[in-house]
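Can you keep this structure in mind? I'll have questions shortly.
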Amino acid sequence: MLEFILERGNYWAIIGLMMIGLYIAFAATNLIKRLVGLGLFQTSIILFYISLSRIDGGTAPILYGADLESGHGDSEGVEAVAEAGHGVADAAHSGAGELVNIYSNPLPHVLMLTAIVVGVATLAVGLAIVVRIREAYGTVESDEVQEMDLSVALAEAVDEVGETQAASGAGAI
Amino acid sequence: MNSDHHVILRVVSKALIPVIALFGFYVQFHGDFGPGGGFQAGVIMAVAIILYSLIFGIAAAMRAITPGFVRGLAALGFLLFAGVGVWALIQGGDYLDYDALLGEEPGGHHGQHLGIMLVELGVLFAVSGSLVSIFYAFAGRVSEIRDEDW
Amino acid sequence: MIDLIASLVPSSIAVHAPILLVLAPMILAPVAALMPNGRIAWLLSILATGTSLVMAIVLLSQVRSIDGGAIISYHIGGWAPPAGIEFRIDALNSMILLLITGIGFLASVFCWPSVVAEIREAKRAMFMAAFLICFMGLCGVASTGDAFNLFVFLELSSLATYVLVALGSSRDRRALPAAINYLLMGTIGASFFVVGVGFLYAVTGTLNMADLAVRLQDVGDNKAVLAGYAFILVGLGIKAAMFPLHQWLPNAYAYSPSFITMFLAATATKVAIYAMVRFLFTVFGLDFTFEGSSLIWILMPMGIAAMIACSFQAAFQTDVRRTLAYSSVAQVGYMLLGISLATTAGVSAGLFHMLNHALMKGALFMAIAGIVLTYKGTSLNDFRGLGRSAPWTMTAFAIAALSLIGVPLTAGFQSKYALVDALFESGWSWAVAVVMFSSLLAVVYMGRILEAAFFRAPINPNKKHKEAPLVILIPLWILALANIWVGVQGGFVSGLANDAAASLFIGGAR
């Protein structure tokens, strides 16, 4: 039982982080804190993918030593690496090892590079909106913002009812 | 403003910023055949500019590298990336097919080399341009948070 | 006509149609952003969406050239799938692409007066660039065959959407909280989707959707696949405003600039539903989805709950745009109900309703954009007497409203009829009663607006005969007449939906 838990330590950590992030994103009233929670949530997903890519004994996915020479004919610097790019992709996909050395799977790393960019962009847009909210409402607490909106909406509704009554009093044509 | 007590910061960062920028270029051009590349290099270049504006003030940084320029740089980098793809299309290959760039025989790798370099350059421009313009957009706003609000 | 337009495009370009469709807005977006003048950016956006529309037509004709629907596969960078990213167009994709590009083209034609009225001059070029990025992202989602690439395009379009919604703040500051709520919900949805894709990748080691479909069949019963399935369903459900996950939608639609409301209402949720259908039917496969995990007991109740609860909510709104936003969630319910039947007829009816809904909501929100331009307000009271002061705008509005209710001879009737037919065929006659009841509620909430517009005295008579400008009226009437055309002679559109549904049931593992 203990072994079962410890073996999957990374996943427990990821689940914990994910839930903490999700909880902050939902429960915090401060909009900045909610964005921080969102960032935590996204980071835990990045960790999830990265831990998927780990292979026991694998090194960084850059061909070296025997792999550079064997299998690709010419070992001429750049060209061999360009070729090897195809080789790594194939190997990562089929899971078969024509390669001599063990490499960890590079694909999740590449995917997460994209996800990081998306996360940064989301955070930038979110913070920009929060800055605008601060300017328009004078607060970054979402419950205070909600209260202000509610009072505006109530005032509008009262106007609405008044106008409707006035209109029906005048008699619809 | 008495800036005397910032003198160490200013001297150190004056020495550091060129090195950071140089390291950015190293990462950029090393990205052809090893770890590195436009994304990381773009961030490093942006860091150099952001460090400069932290130490010497945002106004000075905006005078040296104008917000319009960084915005244009970001768009230009993106266009460079997409343009490589379109050039491959015009040459008769698929989109972003580097092998088709120079119209060489199968097995030739000059197109690959050129394509990766141009695309990485595009990424460098786009990343550094957009990161710096994000920084400008936030830091350039006039603060209206009063001290007692903190 | 489709083949005529397609034959005009040279074959050297037609070969690259899948990528050019996404590439045109992608390249023109930064160019538009650099333009000093918003008007040039607007013309560029028309050029980009127009190019995409032509490419979508070319793709449609290519797909229909073979009986049963061809599958066009385009390899980015010449890398063959499953290692490389593939753009994969079948009957379903080409249908969705035609929907997005058609609406996007009409939207970008009509938008200029509305943008001038609602967006500050310095921001207009950037605004159009953001619109193009949003459009490009939606097109990308509808054409890619790679699960992670789908996420990237989905987030690209969503990020642009958050910005566009927030820009409504110059008219009403409530756009800002609406935008941040949409951002939080949308990002959580997209992140859930990525977690799900991660589970599938962990099990199968591939991201290509066609390849995933094949490998998932070999995997069989697996807890990780189930977990991935749940994550993907919830994630896309948030994006598609599936019933309990729709809270972001009404405010985002009500406070964003009116042009953006029109574009989003007609396309954004549709694309998420497309992605959901693609995953449910193609990637996971029919057996897994509907027998393995009894999806029918999740999707169907949610669809029905949306149809009833949100129609009720729509009936109690005082703001016309909020009414229509709640009605959108209710209409998503119709589509989900059709899809949850898991028969060819049911899915076809759901997709048919999706196309028609884009036509009606496009026309309705376009008319509202015209009204906002001259009369500012969008509350029910502001609509009093508009039928007399702006007869052309409001007649088109009325046609689309009747179509939303489902009056015979309109598009809405055709698709609801198809849905009812499919429900009877599957023996769910009780669900027919729900559809009828929800349509009655639509009569109530649209009737209130029509009553105010046509049977009340105008509120300020001195503004009489102030129509929307011609550049709005023409696209508006194209959409309104399309509603009637589909209603009278709906063969073409229902044929698209039928082909798309059929292509799903042949099995994605071709």
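Each chain carries a letter (A, B and C) given by its place in the written order, and its residues are counted from 1.
Throughout what follows, a contact is a pair of C-beta atoms (placed from the backbone, for glycine too) under 8 Å apart; a residue touches a chain by one contact, two chains touch by 3 or more.
The model shown is predicted, which means the values in this text are computed figures rather than measured ones.
Q: Determine the shape of the graph in which chains are vertices and touching pairs are edges (line, ring, star, complete, other).
A: complete
Q: Looking only at C-beta pairs in contact, point me to the busier pair out of A-C and A-B.
A: If we tally the C-beta pairs in contact for A-C and A-B, the bigger total goes to A-C.
Q: In terms of CA centroid distance, which chain is the most far removed from chain B?
A: Between chain B and the rest, the longest centre separation is with C.
Q: Could you state the distance in Å from the CA-based centre of chain B to that of chain C?
A: Roughly 36 Å, centre to centre.
Q: Hey, how far is the Cα centre of chain A from the one of chain B, in Å?
A: Whole-Å distance between the two chain centres: 23.
Q: Could you list the positions in chain A whose residues touch two or more of the other chains?
A: 128
Q: Which positions in chain B are in touch with at least two other chains?
A: Not one residue in chain B touches at least two other chains.
Q: If you look only at chain A, which of its residues touch chain B in the complex?
A: Interface residues on the chain A side: 60, 62, 77-79, 81-83, 113, 117, 124, 127-128, 131, 134-135.
Q: Any idea which chain C residues touch chain A in the complex?
A: Counting only chain C, the residues touching chain A are 79, 82-83, 148, 152, 155, 159, 162-163, 166, 169, 173-174, 176-177, 179-180, 183-184, 187-188, 190-191, 194-195, 198, 201-202, 205-207, 318, 379-381, 384, 455-457.
Q: Going by the contact rule at the top, pick out the chain A residues touching chain C in the complex.
A: 22, 25, 31, 34-35, 38, 41-42, 45, 48-49, 52, 89-90, 92-93, 95, 107-108, 111, 114-115, 118, 121-122, 125-126, 128-130, 132-133, 136-137, 142, 145-146, 149, 152, 156-157, 160, 163-164, 167, 170, 172-173
Q: Give the list of chain B residues in touch with chain C in this complex.
A: 71-72, 74-76, 78-79, 82-83, 85-86, 89, 93-100
Q: Quick one: in the complex, what on chain C touches chain B?
A: Touching chain B from chain C are residues 16, 19-20, 23, 26-27, 30-31, 33-34, 74-78.
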